[in-house]
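The following blocks contain the structures, represented as structure tokens.
After this come two complexes, each holding subunit A, first together with subunit B and then together with subunit C.
Moving on, here comes the complex of A and B:
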């Protein structure tokens, strides 16, 4: 609590708060309402979305843009892909980060190893997209393969693969880039938690004859579970909005479309549909938002 | 017994070390490929994998093409035909560029014989020139004029900085005055800031990132001070709201703000993008700085206040200096965040492309300009990498201090 001795004028707090509040009102609150309003309008934002309904076609009236968002074939792909990212890439990245944090904890060159894994976090998603487009490069015709993955395949006697334009694998190729980018983040967060686990308890368990597997699952894992939850929510937010990597690597083609890329592509041509997708994005983040606020409240209460 | 147990301990660690080192290698290889490629010539990038440079002696530049097209008649040393002795500088100098060489090669020799009778060049002019570009280098070496046989080069970086996408590199084309692809270039130092290049994009990115970072720090610190050391109605509640704001997807703001900016005549202005980044950076900034300055001991504030200081003095003389670690974390995090941003810059700063946008402009869908693209991407990593290695601790703290912003 604020000490009583520090008297203040009635206006003083607002002088400190006002600039930030104005900025957040203009850039977060105002556009949120604007987006909501536009999502019920047609492609130029002048008439109600209901006006875009065609006769003899299914119509959701003023929710017409949401009909597009939830039933259009491209959008169904996008929704499915976002779900795939959340269900495969997020757990995979956290498992990778945890795995590396536990292992790196046991080697003398821990700092160097962690810097290497963490480095991709500092570069842009666009740059990472270029790096990986080159890894996945496919040369048609008989020439040499210059992407390392296909180079290895050919050296082993296999056939080169179109990693980014084969709908059966392109999604997984993109998710691998996400893993490469974010494992360092998960590792750093979880590594701090692992260092907080009491070494005495770990040693005691080892002396009692527990093997490393049991030490990890029975002692370490329950202790760091809260950190894993935080990393999961943070990464989920990032992945819901995944855009740059998809944009630069496939442009959303070959079955890799995601919500944010579709939203970007519609900004100029159809503000109604574009904003409806933005609303869907924020609806998907609301559970995490509520969860974060609850966590903050309970942390405050525990203080 | 003792040596055995330490051997045993060593052996137990082998799988762990193996796994750690393997994962590090897997993480480095993609970036290493980009780095190595950025120093290779266009022809080398196009025809061989970058990893081949790690194994054995590199081939002499242009030798394979010379062997394919010329060696059967001119001989390996170029002296086989005395009338056209390729070891004679006077002969070779008649054809300084690949295009002049091509023109000559397409004309018949010895009356009506096709010049390249054993193996024809690609019929497409562009392909033929790119095949011949190394042959000119090779025959210059044969005639003893240059000694450069390396397949490594710095021209990719020069091309990336000026944003040049010709069939040869920028410096060569400037020297030969290839006017068709040099329309927007002056072939002097001013090209460093050509609007299609990485040079101008770096400048634009700095112009976006620095003010966006400073504004967020200043406004964030002010508000954080109020949340920590001033009393006002609804303090808890507004702060909880800030936690929620941190995860608002910025997609939420794109369309209405783009419309508002165009009504205000602010589309594609630096001011517009500074304010946008500041607005979306503030919830996290306030949260991070608040967490730090609320832990400054209360006694310090009480004593400075008893000495007659007001809140403004307490903020400037006490809170700000003591919050420097948090401000550094936030500043570095925000700087790298803005530096790496693509979406906001793509929409709100169309006339002044930043690095991420410029790189996407350089992408060739047919994959024919990896040599420039890799150089450009690497240049865009330079500053984040320097900041990252110099201030890794602060950056990590800035990234992990709370949930992530939108």
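Moving on, here comes the complex of A and C:
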């Protein structure tokens, strides 16, 4: 017989949830709807976005801010660059993280190696941007190259390169900073997964004559695949919102514009367009989040 | 554009009466690109023009050996030189001259607003725009005053020269970068960089003109 005081009515769970729910409503749900509403308004947030249409120009009525977001040349650049970040920086970082995790697993000074690679994770994006601005520094004219990359190039007899302002390479220069920042995170996550691979299986494979290459691709990789998926989705969400590195290093100039930087620049002058970009970012992130949650649930169920 | 078209033209760009894709702007960009992307005229050609940091551009004139013979800059440059190279003397080691052929000057300015009709507020405005206010402004060496009464009272040789150029100027416009709204301003900055890096001038100016039309509407 359960004492009466231990019994809970139907209301009790809701009461427990209430404080969190109030906080979420005030700080997440209400602002989200506010953002959605503003994205259909003009630059001042008072009239419908349809009022900003120019005569004899294409117009999407109340979706005018979304027309800007999906057709403006700067925006198309930004969307393309975000896609580049997702397609190049995310796999690059994970490949790098995996590479370091596997290698670190096999050396005696593992802790030291991992600490060094993990260190950039502790540095803020802004700090990383400033550090790498020095790395990529380019001096015009006869002055000495103080940037380490150009310093090395010149010492080897080459010509200094404008790493950040040449539109053909500037995006890749920025992505390298992203990789540098996040590779330690990926390494840590994947290293933990590798440690979880049963040594018996690995030894059995080696005894049966499998070489390290096969051991990695046929046993280790499939076993840690769930962790790779987690890292990929987490990183994808972070990288969709990439902003700080771009803002500090190029300000979105030289062909490096990204969605979040446009959003930041527009918030002062045109809240309608800025919030439309915010909504687009949310919409792009939601599928990845849903995937993450679904996978998490199925994993819980499998336990 | 101040030399080829004059201050009225620049003012019309600021107010949107002349589109940024106008032939006068195309001509100005063509001339500028020819200068700024040629290593004969600039430190490092197009790459140098795009990558040289703001103050470094001024210092290049004074590096040893000198990398540049002159730099196009506003009145504040004298102060930057004096701070960085205290040993140099204005008038003997460095000097400035008006951009040849300009039909007017461009500059920044202080605005005076009275938010109240009280006698005290009116008295302050009257003082600052009047004879004594102008004279005292000049004596304080706080930049050039738009008040003509300040003329003849500057003590700093650079200010004396600047003020005589200003009072003789045929016209005046605000620095275009200070006078236009953010989207237009950003588009203009990007456009100048793009053109120096080799992008087509007409296409670039059409993009900037679109930003201009949006900012002004």
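Some observations on this one:
Definition applied: the second predicted complex is superposed on the first by the 281 of 303 C-alpha atoms of A that agree within 3 Å, B and C clash if a C-alpha of one lies under 4 Å from a C-alpha of the other, contacts with A are read in each partner's own complex, and residues count from 1 in each chain.
Assume a residue touches a chain if its C-beta (ideal position, glycine included) is under 8 Å from a C-beta of that chain, and two chains touch if they have at least 3 such contacts.
Just so we're clear, the structure is a prediction, and the values are computed from it rather than from any experiment.
Once the complexes are laid over each other on subunit A, subunit B and subunit C cannot both fit and instead clash. When both complexes are overlaid on chain A, the residue A:269 reaches subunit C alone and has no touch with subunit B.
Touch criterion met: A:143 reaches subunit B and subunit C at once.
In the superposed pair of complexes, A:253 makes contact with subunit C only, with no contact to subunit B. In the superposition on chain A, A:283 contacts neither subunit B nor subunit C. For subunit A, the partner that touches more of its residues is B, with subunit B and subunit C as the two candidates. By the touch criterion stated above, A:162 is placed in contact with subunit C alone, subunit B being left untouched. In the superposition on chain A, A:26 makes contact with subunit B only, not with subunit C. In the superposed model, A:116 lies in contact with subunit B only, and not with subunit C. Between subunit C and subunit B, the overlap after aligning on chain A sits in one stretch of 42-50, 78-86 or 132-140, namely 78-86. The contact surfaces that subunit B and subunit C form on subunit A in the two complexes overlap at residues 143. Considering their complex, residues 13, 16-17, 19-21, 23-24, 27-31, 33-34, 37, 45-51, 219-220, 222-223, 225-227, 229-232, 236, 240, 243-260, 275-276, 278-280, 282-283, 286, 298, 301-302, 305-306, 311, 314-315, 336, 339-343, 347, 355-356, 359-360, 363, 367, 370, 373-374, 377, 380-381, 384-385, 387-389, 392, 395-396, 399-400, 403-404, 406 of subunit B touch subunit A. Within the complex formed with subunit B, the residues of subunit A that make contact are 2-3, 5-6, 8, 12-14, 16-17, 19-21, 23-24, 26-28, 30-32, 34-35, 38, 45, 100, 103-104, 106-107, 113, 115-127, 130-135, 137, 139, 143-148, 151, 180, 183, 185, 188-189, 192, 230, 233-234, 237-238, 240-241, 243-244, 247-248, 260, 263-264, 267, 271, 274-275, 277-279, 281-282, 285, 288-290, 292-293, 296-297, 300.
Those residues of subunit C lying in contact with subunit A across their complex are 43-44, 47-52, 56, 60, 63, 65, 67-68, 181-183, 186, 189-190, 193, 197, 207, 213, 217. Those residues of subunit A that touch subunit C in the complex are listed here as 54, 73, 138, 140-143, 162, 165-167, 253-254, 265-266, 268-270.
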